[in-house]
Structure formats: structure tokens, C-alpha cells
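Labels for the chains are A, B and C, by order of writing; each one numbers its residues from 1.
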Amino acid sequence: MKKRISVICALAFVFALFCGTAVGCKSESHELKLTFYDGGYGSAWAYALAAKYEEETGVHITVDPSKTVQADAPNMLQNGTDSDIIMSHGISWELPALQGRIEPLDDLYAMECDGGTVADRIVPEIIDNGKLKFDGKYYKLPWTNGVGGLVYNKKMFDEHGWEVPTTYEELATLCETIEKAAIVVNPNAPQQSRRTVKPFAWSSETYYWDYLVFDWWAQLQGIDGINAIKNLESASVFDPDGTYKFTEALKLWTDLIRPHEVNGILRDYCIEDSSGRDYMSAQNDFINGYAAMMPNAQWFESEMRDNIDPEVCELMMMSAPAVPGAKTDDNGNVIRVSYQVGGGDSIIIPASAPNKDEAKRFLAFMMREENAKLFTERTLGVMLGVKYDNLDGIADRYLTKFAHSVFDINKNSVKFNLYSQNNMVLNNKITLEWADTGINEYAALAAGTKEIKDIFDTRYKDITAGFDTWKSESDAIYGADN
Amino acid sequence: MENTVIKLKNVKIKRGKSQAVAMWIVFVIFVIYSVSLVFPFVWMFLNSFKPSTEFFQGNIWGLPQTWRFANYSEIFLGKPVVTESGSTIITTVSGKLFGNTFKYSIFHMFIVSIALTFLCTLSNIFFSATSAYVVSKYKFAGRQALYALAIFLMIVPIAGTLPEQYQLMKTFGLTDSFFGVFLLSSAGFGMNFFLMYGFFKNISWTYAEAARVDGAGHAKVFFKIMLPFAMPAIISLAVIYAIGIWNDYTTPSIYMKSMPTLAYGLFVIRGTLEARGLYTQTFAAMIIALVPILAVFIAFSNTIMENTVAGGLKG
Amino acid sequence: MTNTRIGVSGGGLVSLRKIKKRKDIFETCFIILMLAYPLLHFAVFWGVVNFNSIVRTFQRYVAIENGVVVNKWVFAGLQNFRNAWNSFSTADGKRIIINSIGYMIVSNFISLPLAIISSYFLFKKMPLAKVFRVIFFLPSIIPIVVLATVYRFQFDSQIGPISSIFRLFGASPPNWFGLYPNSQYMIYLYCIWAGLGYNVLLLSGAIGRLPEELFEYSKLEGTPLMREMFGIVIPLIWPTITTTFLLGLTSVFGVMLQPMMIKQGDPMVFTIALRIYNSVGAANEAARPEIIAYGLLLSVLALPVILLVRFIMERIYSDVEF
């Protein structure tokens, strides 16, 4: 026993040494530290930009990809940090900004960039609707101008002569065609595990469907209508029997995805147990040819590039097919809209950052078109929230069909997001889409265990009941006129 | 183990056939349960040698068609931090220990876990012992109140105070520190106080009296006589407490973010690798993490099992 | 608990006094020294924290007042408690509480009885008992993220072994994790699967302490196993069962890792503890008072239940101690 205890003591001692040396080494000198969410975009872009910046200015950047930065950000802001720049989704920055924990960026927005200012570089819809300001000051830069929706396997479409659907009806017909074809993917497998190509792969991360359904919603509601909802004038904007069109978009989705009879045959257009699978397995199913389409977003190719076999799969993103009743322009053409995936993604500089001025200079550098293109190049198609005239100058080996399709959608659609600075939203009392706890009901709707009407009638009732109290309580925090 | 000492061999067993059947049914259930506990790890081990693509293209059951030992070597030895495709390799065991990769080395996590478990257990057990000893053996104003307090703390969970605990830790500047977690666990009036109170209460005072007559001081009586007496019970409590600390995710995930323990760090590793679709490497990382755990468990298994069995939880 | 009542009269101080009549100054010092750190720790990490929590529940945050940034806490009356109370009756609020209570039911009425039966049989010289005990113990030392990962993979509908077994028999595997409440049941199942061993170990300890004569006697008598278990073993290890049961009650407020690791943030399987955990360190300080009020209110509501259960449990079999 004594021997063992002494072994543990020795280990503890070794550990203490570790800690000592670690603390000593931690204060590694750097001129700028860039901390960002280490997800689907990867980190190659950051190393590339850092190298270029160092070449240009001589300033060394410490690249710090972090899986947990979103959760850590509030602590970093509150308790101080040695990161000069934080880039992540899901940073609630408004209150910390008021508390003086985030550096105001008005001077950055006025800095020179590509012959104009940084502000001029940002996509106009994001400047207008991206809510980059709070209490009259800029506190964040938008990170990406995200595109989401249905990603399809171009290789498979070409092989079987399937057309990319432009309307909802075409999409529905395509699904039936795919089902009817009953193409066996793994003919060599034993009988019971043989599988045919399904129209859709999706996963327990069911919110990926938002990227398609929100587009449909905006087609029906109109961008102005969406922006009106973001203002939350009254509870009635959520009235499912009134002007609220999200339920209509969802109905179209449910009609397609829930197993249903088509010409007398029961059809299920999705891979079995989709809602129960983890997203990486589902994505792998898709790139391995088990499904023709998948709801996803602009990081898909970058995320999966180590696993994609070009003989089996070539990714492309399609514009959201037009739904019946979609708003049209003066010429009668359906107005193409595109939900800005990650509209709340932020680039911020913590007030405690050691080198705020250099951080601003780097961000102005990053907003330049050539550097935005470098970002897009190394993320295989992800675009920053800045203007791109074209994709010229991106090395061919990076310029995939997927990158082109993302670029086309951004170029040819009106962008919108559901990011609101209404006091009730800031105070977590109301969210604009699904339930206030972030529950989306795609799984239950697909399985038929819940109905749209029940979900949204209940929600409307809850919002009506709480609205006035929530409003006054939230106004008491952020001021009534904010 | 006490229960194995029971001498039944020479007693003629007069139990019905149905009972033998019951015994065997339970035996079969135990076998199935044991298999369910062990099989997933065998499955994981097997798959940890496959390339991710092979795994996802349907070879889930068989031996690897291509043995990809790199799954291990990449995690064990470390690879260039970033490849052109953007894959960040986050774990090194014998590679770089400092800088960015420092906080995510499995080896480091293991050391942190061991140290944390050892030190927290030691302090909690020690302070529970001191307070339990005094409250059980000495008469002073307020001892009843302290005892009632301990019972109250044990049975009444107070939910919702975590946010304010965090604020307090922030005031102390301990929101990201090993010492902070250690400090939090060094309580003397938790569950262990209560259990140890029972042990001390039942230890006869005669030896202490004798020692006092011989001129031993209060401290000497405690450290030289009472503590050794209570040692078997203390060790069994320590084992149970240590398991709790070893598996604790919550506290390290809040207060020790930049120095992750295995329980928290593996969660981050899993997230990072899985987000790249590197499932088979995730398995390899988990196997690497399991090896030292199992090694320590095997080395100490007798101590752990026997003491838990002998002491058990005494209500 | 019964054992604490036994032996109170054996307190040593009375006899000590006979030896040393005069009040010992060293004794006082010793008591103070021994208690100083535990009491200080208690005062800070329990006292201050709870005091602050209670104060906070009566406050609300003001960031902007009359167009000016003020960032201050002001008195809020019962607003936070009212909101917390109202949240119980929403669909989400109800589900969180039902999910949480489920863990208590699972641990006390499924896991615990299973563990009692298992430890009894292991004790009855089951072949390979030692091996079983070691294997059962494994989940207690393996990090939960590893366990949760392998568990989830076993049930994956395309690559999981268990679903493959279903398909082998021509049946299509159920939707294990995709739909609530299935996903919740799967987490409960995980708790039983991974938690059984630990309880077996604790209860084996208690059974192992029982005097062997009892069993030899009952064996000679030919007492059936069932009667031996219910008539002898359970009453005799009742204090341990009581403690385990009471700890099981507190799982209503404690469980958060299992849903977090298995369903990774799915709000459908949220528990009380997970809701509170998620709010810690969040940027939105203004939401803090309400979440604290939520926790405190639930604790207050649970208190009588816990006390009642304890009262009843202790009176079922009293005054047994080994």
C-alpha cells in the first residue's frame, strides 16, 4: 500500500513540475493571437492568411483554432484573455458590449480597404440587416456570408440524367423518380443490408433543414415580411392563422418528407432512421452515394474533403426550389432569396486584448477582396461577408464546382437572416423560428408524431400570454427605445 | 473479501432444483451483461485500425482490409499541426507538450486526472475526518448543530447555486485553475463527514484513554491511534470519492478549461476528430486513453475492489 | 440512519473527564484547529454562495436606463420566482421536470432492485463472481464520453451491431435516438447499463459484512433463495439501501452528463441540472437570477418529499446494524 501511495505521490510531483514549466512556457511571445471556432471551415485559411500578413507586415500571428471557443467566449470577455481576435458563431455580444468588454469597431469600419472603407466592403444586406451595431456603435464584423440548402451529388444526377429541380413540384417529382429507380448502392452486400439510393440523407442535427425551409419561408413571406417579424411589434406576427408563413413552408416540407402515398405506393424519401443518426455518419452516407441530396451548408465540402471519393461524389449546392405562392418580382419571376447561414457569426476584439490596434489592422487586411478570396480558396467555397466581384485568382485545384455554386447563390439571391436585436430576443424570451428553448420539431413532424398546427398554436398561445410581461421585463434591461 | 471467506463447502446443500435453475438463469444474464460491457470496446479496438473511409463504406464488422496504424501513430506521435486540407491534429502523447498542443495531450490529461483525483480525495477525506472526529468524540457547544448540518447537506440538494459559485470563484480569480477545483473539493462537511462520523462513533475510546494517561496529546491520539483504526473505512470512502472525482466532468469543464482532465478533454477530442469525420481515429484516441486507465485499475484493482467490498456504504 | 443512534452513549469525553477534571485549554485549541478549515470552507463555499444566490433571486439587471448605460443590479421583488414558477407549466418546463424525475424512478425502482438481486447472486457463490465484479466495475472508471460514444454506436441504424441483429431477422430497427421520448428512454437504459456495476459493488460490500452464521443456518434449514433474500438480506442491509435510495432521489437535480454526452445538446432531453449548467458563465448575466430562482424553488419543493421518504424508509426496518 505504502509503495503505491508513493508511486502516486511521485506522479503528483511530476505533474506539479509539468504545471510549473507549462506556466513558464505559456507566455510565449506573439504579436497577435487569432482564436476561432475550429469546425467545418478547418484552419488552413487562418494559417494561409497569417503567413500572408506576416510577409506583408512582419507581424507574427499565433493561430489558435478552438473547438470550445463559443462556450469559452463569455469567460474570455469577462475574465480577460490574451486572444486579440475571436471568431465564432453564437457569441452573445450585445450585453458584454454594453459592459465594456468588447472593443468598439467604428474606427475599423472607417479604415481604408481596397480603395474604399471597410464598411464599403461588407455585403449591403448584412450592413442593413446584420445588426452589426448596438447602442449606436459597431462592435462586430460579420464572419461568413453563409449559404445553406440542398446539397446534391452532381455525379449521381449526371449519371442518371436527373435535372436539378427549380420548383417544389419538380423536387417532389425528382424524389419519386429516385425512389422508383431503386438503385442498389452496395450490390455485393448480403441481401438484408443492401440499400438503395434515397432522395435525402439527414441527421439528428435536424436544424440543417432550416436552411431549406427558411428559404421557402422567405419566398412566401417576403424579405420585408421577415424583417417585420424581427421587429416583434406584437404577438400577432406569430399567428399561424394570420400572416405568419413559417407554418406554410413547414407544411410543404412535411408533405415531402413524411412517409406518404404517391400513386398508391407508400414512399419514404429519407434514409432509414435519419433523425436518429449523428451528422457525420449521415454525411458519410451521402458522400458514399446512399442519398442524392442532403440539407447542408457552405462548409460541407471543406468538412468532408478528407473522405470524399471523387469517383462517387461531386458536391454542388442548389438554389432553393421555388414553392407555390412564392413572391415574384415585377416581371413575374420568383424572387430568389438565400438565408444567411450563421447570420449571427461574429468577429470581435475583446476589450482586454493585448494588441487591439494590430487586430484591427489585420481585420481590415482580411476584408480585402484578394484575402477574402484566399479564405474562400482554403475553405473550398466558404465566403466572407464581403463583396466578391468574381472568383478569379483562386487556384484551380481549390475552385470546385461546389465553391462555384455557393458563389452563384450568394451573387444571385437576396440575402436575409433571422438575427434580431429586439429586447425580448436579447433577453432570451422569444426566438423567431422555433420554440424558445431552441427545440425544432423536424423529427416529430417527419415521423408524424406531431402536427404543425398543434406546435404553432401552442406556441402562439404561449407568446400571446407572455408577450406583455416579457416586453416590459426586457425593456427594463435594455431600455424601451432601444 | 469477507464474503468469499464464508465456509459453505462442507455443508450439504439442500436447496431445490428450481433454485439451481434460477442461479443459472442469473448467470446467463450476467454473462450477457458482461459481454455487452466488453464487446463495444473490442468493436472499437478493431475499428480503430481502419481508415475512416473503409469504416463508413460499410466494413463495420470485419477485420480491417487496410490496416491503418497511422490512426495511432498520428495521435501518439503527433503530426504536423495542420495539413493543407486543414486537418488539425490535436493530440500528441510524446510529441509537443507545450504551446497550443499542450492542453490537449492525452498523456497530460491523464496526469492531470491522476493528480486531481489524488489531491482532491486526500484533502476531502482528511478534512472530513478531522471534522467528523471532533464532532463525534468531543463535547462542545454547537456539535449537534454541526451534525444536523451535515445531514441536511447530504440529503437536501440545493440546485441553482452554480452560477453564484462561479461568480465567487471569479472574485477569487479561480475560474481557470487546478487549485480552484482542488479548493472546491476540500470540504469537510459533505457526505464523507457523515459516513466517517459513524465510524469514529463506533471506535472504542479505551485506547485513546490509555494513550492520554500515557501523556499523549489530542493530536497524537487522533493521528496515531484513531486515524489508523479508521483506516480501512477511510480507504473505502476514499475509493468511492476518488471514482467520483475521476469521472467528474462538470467541475473541470467549468473551472479548469485550459488544463483538461481525461473526462473533459476526451469530450473535446471526440468533437474535434468527429467533426473531421475521423471516427476511426476517435476510436484510437479513446483506446489510447483507456490503456493507462486500465493499467492503473489492474494495478490497484485489489485495493479498489476489496476495500469497496469490505467497507461499502454504511448508512 | 440507524447506526448513528447506536453508540452515542459511548462518547469518550465523559470518561476522559474523569481523568482530567480541569477544562483543558489544549482541548479547546484542538477542537478549533480541527474544525477551522472545514468550517471556513463551508462558510465560504456554501454559506456565501447560497447567501449570494438568494440575494440574486430578488434582483434584476439593468443595462440601459433612460438611454444611458448603467449596468447595475436593482431590487426585483418576486419577479424571478414568478417567472420560474410560470416556467414549470410550459410544455418545455414540464418536460424538463419529467425527464429529471425519470432518472430518480430509473435509479431507485429499476437499477437499485437489479443491483440488490445481482449482488445477492454474486454473493451466493455464483461461478466467476470475481470476474463479473471486475467487469461490472469497468463503467465506473471509463470516462463517460467514451462509454456514451460506444453506446450510441451500438444502436446506430446503419452501422450499429444491434440494429444489424434486427435486420438479420428481417425486422427494421426502431428509431432509437431520433424521436423523443425514445431518445429519453435510451438514455435511461444507458444509465442502467453503465450504472449497475457501481451499485452492485456498494451493495456487495454491505452483504459481505453480514455474519456468515445467518446464511449457514438458513442453508441448513433449506430456506428458499427468495425468502432468504427478502427475509434476511434486504432487512439487514436496509441502511445501505436507504442511503442509496436517498441518493437516487437527488438524481432528479443531479443528472446532466448522460443526456449531454449521448444527445449532445438536444433540448428535448434536457434535465434540471443541465439547464442550470448551461447558464453558468453564459454571457447573458441578466438571465442569471431567474435560473437561480428556478433551482431554489425546485429545491424547496423537493425538501418535504425527501424528508418524508427518509422518515418512511428508516421506519420500515429499524434498529438493524451490522
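The working rule: a contact is a pair of C-beta atoms (placed from the backbone, for glycine too) under 8 Å apart; a residue touches a chain by one contact, two chains touch by 3 or more.
In this text, all values refer to a predicted model and were calculated from it rather than measured experimentally.
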- prompt: Ignoring chain A, what connected groups of chains are left?
  reply: one piece
- prompt: Counting only C-alpha atoms to place each centre, which chain is farthest from chain B?
  reply: A
- line: The chain pair with the larger count of contacting C-beta pairs, comparing A-C against B-C, is B-C
Query: Whole-Å distance, chain A centre to chain C centre, using C-alpha means?
result: 38
Message: So the centre of each chain is just the mean of its C-alpha atoms; given that, what is the distance between chain B and chain C in Å?
response: 16
- line: Residue numbers in chain B touching two or more further chains are 56, 58, 175
Message: Please output the residue numbers of chain A that touch at least 2 other chains, ranges allowed.
response: 75, 78, 193, 278, 281, 285
Statement: Where chain C touches two or more other chains simultaneously, the residues are 159, 164, 281
Query: For the complex, which residues does chain C have touching chain A?
result: 60-67, 69, 71, 79, 83, 86, 90-92, 152, 156-159, 163-164, 167-168, 170, 172-173, 175-180, 183, 263, 266-268, 270, 281-287
- prompt: Okay, in this complex, where on chain C does chain B touch?
  reply: 1-4, 6-8, 10-13, 15-16, 19-20, 26-28, 30-31, 34-35, 37-39, 41-42, 44-46, 48-50, 52-53, 56, 117-118, 121, 123-128, 130-146, 149-151, 153-154, 159, 161, 164, 193, 196-198, 201-209, 212, 215-216, 219-220, 222, 224-225, 239-244, 246, 250, 252-254, 256-257, 261, 272-273, 276-277, 279-281, 288, 291-296, 298-299, 302-303, 306-307, 310
Query: Contact residues on chain A for chain C in the complex?
result: 71, 73-75, 77-78, 91-93, 95-96, 98-99, 135, 192-193, 204, 271-278, 281, 285, 426-428, 435-439, 443-444, 447, 449, 458, 462, 466, 473, 476-479, 481-482
Task: Spell out the part of chain A that touches chain B in their complex, as residue ranges.
output: 1, 4, 8, 11-12, 14-16, 18-19, 21-22, 25, 28, 38-45, 47, 62, 64-65, 67-68, 72, 75, 78-79, 186, 189, 193, 278, 280-281, 283-285, 288, 302-307, 309, 378-379
- request: Over in the complex, which chain B residues touch chain A? Could you list them?
  value: 52-53, 56-58, 82-88, 97-100, 102, 108, 111-112, 114-115, 118-119, 170, 175-176, 178, 257, 259, 268, 271-272, 274-279, 299-300, 303
